[in-house]
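Each structure below is given as structure tokens.
One chain, chain A, appears in both complexes that follow, with chain B as partner in the first and chain C in the second.
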Partner chain A sequence: MTTLTIARNTFGEAIRKKILLICLLVAMAMIAFAVSFASFTMREELTIIKSFGLGVIAIAGMFMAVILGINLIPQEMERKTIYTILSKPVRRYEFLLGKFFGALATILVSLAVMTVAFMLMVFFKNHYVVDFAMLKGIVMIFFQLLLLTAVALIFSVFTTPVVNFFMTSAVYIIGSLADVTESMSHGTDKNVLVRGFYMIVHYLTPQFANFFTQNPLIHGIVIKNEAVYYSWNILYAIVYSSILLIVAILVFERRDM
Partner chain B sequence: MAAAVKTENLTKTYKNIMKREPVNAVSNLNLEVNEGEIFGFLGPNGAGKTTTIKMLLGLVYPTSGNAWILDKPAGDIEVKQQISYLPETPYFYDYMSGSEVLQFYGRLFGMNETTIEKKSMELLKTVGLYQDRYKRLSDYSKGMLQRIGIAQALINDPKLLIFDEPTTGLDPIAHSEIRDLILRLRDEGKSIFLCSHQLSDVEMVCDRVAILNRGVMLKTGHLDDLLLAGHFEIQAEKLSADVLGKINGFATCVDSACDIVVIDVEDGDKVDQTVDLIRGCHGRILSINPKRRALEDLFVEIIREGNK
Partner chain C sequence: MKLSTRITLAVLAVLLIPVVVGLQTRIDPMRKEFQPGHGVSSVVVKDMKNNPVVLPSQFVAGTLIGMQEVVAGLLWVRTDEFFHSGNYEAIVPMVRMITWLDPHQIDVYSVGAWHLDYNFVDSSQRADHRYFIPAVKFLEEGVKNNPDIPDLYFDLGFVHYFLKAQDFKTANYWMEKSTEHNPALYAYREIAHDYEKQGDIDACIAQWQKCIEIGRKGMEENPNDSLAKNHYQVSKRNLDELLVRRVQRADIGKRMKSVDFQVEFHKDGPRVFEVDGKINLPDSSRINLTLTDDNYKEPDLKTFSWQVPPDVTALWETGIHGISIQKGKFHRKYDLSKDIKQYPFKSGKYTLTMWFNPLTATPDIQDVTGWHGEAITDPRYLDTSTPGVRMVKKVIHLTQKDIL
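So, the complex of A and B:
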């Protein structure tokens, strides 16, 4: 109940953040702008709209997750609102989870708004046929953002927003290059230590790359064992985020306010 | 009587890796606040008052020592149901209205919506914000924010209230109203831990005080015991020059600039001796009063001595 109260408050405050509203409006405008790509054939045009739309949603979502995540705890400390809340019968983990789920709800609602705009664009360009396959891409973007918010949250427990921005971005970039770190960890021409380093980086960093399913979806490429692939990655995002949340709680429980 | 707040050798040391010397924010603090009293917790800026409050609320962990609130360890989740805290210059979510702020804090106490609604309206009237209850906090003045802070601190009908500078930013009328409210809360049986730089307020409302400087408690006790310095002030008239000279010999201070002579003597035999001398010369005693020092004078003296 307490977690829900904190989450509702976090959501209520986040949806009023001007920077997020601007980000959402720009994303919506860009999705709508994709209609102007009319110099291509109908099929090419639809492919571009899908590709562009999913890309805009992924980037806007990432931006929102980072902005929200890096400010979750430092802003409460800076404004001292945390003192009146934690002096009430609120456990620290309830507060942290409330902040996390409030941020996640904001991301979910923003994604839903962008998805409606995107699906409508695709619907009109696809001869009034709903392309439900696109929703798979949106679901994967959401779970990628879940993971990214958890990464930002764990850093926000002990760093400033600026430091957190660079740390979260670095983790996101490394995690998005999972194919590269994997190939580096297997290269036979490299030193054992170098391979070991890349292996550690590859397995410890959240593998954001696994959630990029836009290309096969747009081009109709069939993913082998698609259901298993999606389920496994969703489970991976949930388990990895849970571990990050547990670590964040352990750190937060011990720190002085 | 049970203790509303008790600390035993409470210590907080901050270690800064950039500096060699650790900073003792609070050192071996032993406090006891009785239930039903207003306890003034005083000290200059940086004395360790806020750190102590944070330790009592479980926001900061002590390096050593112990603290209890209402006979339970400080920071205990159950005890937080019965306490409330008003920080210095309180900050709230400014997208909320006054009424929503109270709803939010009421929910954190697990109160049901009907109770919250009833209690909120009552408190908004008490702090004089009923007319502005739907106004966003971003449109509130500093004084209004302070008043909504007081209202949130009362939402759970607490047994112990920890107030950090509750009258900051208030106009004289609101200032006086909050002072009266604090006294009323004490009369209702609540304990109040009051941290304030407004020494005149402290002097008017507190039963006991503690003075802290650089993390060390320098003085604690009943306000009357601390301020009644063991001196009496005798006002008299029609004294002969001879008697005046004799009194001058043992009195701390004799002010005879006008017809009325003001004599400051230490408690005990000297009061009797002065009275006898005045009566002996057929002088007239106008008043005999225990001399009370201003808390501000005591505070300045203690802090200066502590700094030596």
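So, the complex of A and C:
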């Protein structure tokens, strides 16, 4: 119950943040801009609109997750509100989980708004046919952002927002290069130390690339065992985020305040 | 938080790590099945390592967030600018990068292969034959990545094997493959033309009948279908013409005559030479010519490389690029001194081959020669090495000194 109250407050506060609103507005404008953008290319217009739209949603969501995640704890400490809250019968883990779920709710609502704009755009360009397949891509983006928010949260427990921004971005970039890290962790032609290093990186870094399903969705290609693939990925995001939250809770519990 | 709770949580976190690793192990092979870059042959990857295309940072950012299709579209626009500015060398790495980013860009495969096969020309607009195999390989990769798209099968068959290589049997294989994926109606007609070029008239008649049936069905389903109507009419007219031709050419073998093929080679200067000769055939017949290294062998599709060998010489003038006959004579001057890169002449010996093939001749010429050259004979250069076909061919062996 306490967690829910904190989550609600975090959501209410976050949704009024100007930077997030600007981010959302820019994303919406860019989704609309995709129409004129597509006319510059020789490729099928709809392909570009879908790819650009999903890409904009992913990048806007990423910015929101990072901005929210890196400020979750430091902002409370800066304002000293954390001391007031923790002096009440609120456990530290409840506070942390409340902040996390509040941020996640903000991301979810923002994604929903962008999705409506995007789906409308595709609907009009697709001869008034709703392309429900695109929603699978949005679901994948959401779980990617769930993982990213958890990464930002764990760093926010013990670093400043600036340092956190670079650390979270670095983890995101490494995690987006799953193909590279995976191929480097295999093959007999590579040094055993190199392979070992990349194996650790590949299996222990959150693999954001798993959630990039835009290409087959846009081209109407059916992913083999699609339901299984999506289920594994959702489970992966939940389990990985759980690990990160547990570590964040443990670190936060031990922190002097 | 109690110490025991903290320990329990820590143990739980550690226990969840193998779960994450296990999930990732299962996700990896499934992700690779559909992610861009998968299905690109190892030779392409190797070639990209040797000739990397550096993506500008904004494109890298685009690919990192999964906007490969947009990046590929923008690169394609840039490639088009290279086309128009004549910067042909820059196009090949671009099309490879685009199809690596997004292996479902059909027109990039199609136009890229056409570019490789047709646009690398010398100063006299002769295409570089050495790019034929890379073009085919590139399209085969497109087919592998887009197995349900008929256009790529058809392009392979018609644009490359039929028109360029005049390998009608392989062309037929690919065009027939396109019909498994509901192609445009003209694909069925080109198959009929291909059978005629192969000299298989019975199969050609059967194919025209099939075309007529497809057209008829299309018109029944939709009487306003102008494409089906046109397909039906064209097919019917072509079948009628073919049947008339078959009757007219039935006893053409009895009208056999010597074409008296003669060829001469003259060197005018280093890398400048002329070929001329005589042949007793109607105007507009064409003599094919190839001048290659003596040991020249068409690259194997299995072992080919994107790197066109710089030391190989392969001048290739066949089909519509062949030398036209006027009043029983033919002549062409070659000045290859301006194109040393394309024709390096680094080998010690060369083979100049000149031939007339009745199978590739136009119908009016075939009215004289027959489909298979039934009416052709020659005291010196009759060549019957191709089963069922009588053509005339002269092979001249040259040394480097004869050319340089």
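Some notes on this structure:
Please note the rule applied: the second predicted complex is superposed on the first by the 250 of 257 C-alpha atoms of A that agree within 3 Å, B and C clash if a C-alpha of one lies under 4 Å from a C-alpha of the other, contacts with A are read in each partner's own complex, and residues count from 1 in each chain.
As a convention for this text, a residue touches a chain if its C-beta (ideal position, glycine included) is under 8 Å from a C-beta of that chain, and two chains touch if they have at least 3 such contacts.
Just so we're clear, the structure is a prediction, and the values are computed from it rather than from any experiment.
With chain A as the common reference for superposition, the partners chain B and chain C occupy compatible, non-clashing space.
In the superposed pair of complexes, A:G12 makes contact with chain B only, with no contact to chain C. Counted by residues of chain A touched, the larger count belongs to C, out of chain B and chain C.
Contact with chain B, but none with chain C, is seen for A:T2 once the two complexes are overlaid on the shared chain. When both complexes are overlaid on chain A, the residue A:R91 reaches chain B and chain C alike. Judged by the touch definition given at the top, the superposed model places A:F124 against neither chain B nor chain C. Seen from the C-alpha centre of chain A, the directions to the centres of chain B and chain C diverge by 160°, a value given as a multiple of 10 for the model superposed on chain A.
Superposition on chain A places chain B within reach of chain C only down to 10 Å, the least C-alpha distance between them. When the two complexes are laid over each other on chain A, chain A has residues 91 in contact with both chain B and chain C. Partner chain A is touched in their complex by these residues of chain C: 1, 6, 9-10, 12-13, 16-17, 19-21, 23-28, 30-37, 62, 64-70, 72-74, 76-77, 80, 102, 104-105, 107. Residues of chain B touching chain A in their complex: 54, 57-61, 77-78, 80-81, 83-85, 87, 89-93, 95-96, 104-105, 107-110, 149, 152, 156, 162.
Residues of chain A that touch chain C in their complex: 37, 40-43, 47-48, 50-52, 54-55, 58-59, 62, 91-93, 173, 176, 178-179, 182, 202-204, 207, 209-210, 212-216, 218-219, 221, 223-225, 228-229, 232-233, 235-236, 239-240, 242-243, 246-247, 249-250, 253. Those residues of chain A lying in contact with chain B across their complex are 1-2, 5, 9, 12-13, 16, 79-81, 83-91, 254, 256-257.
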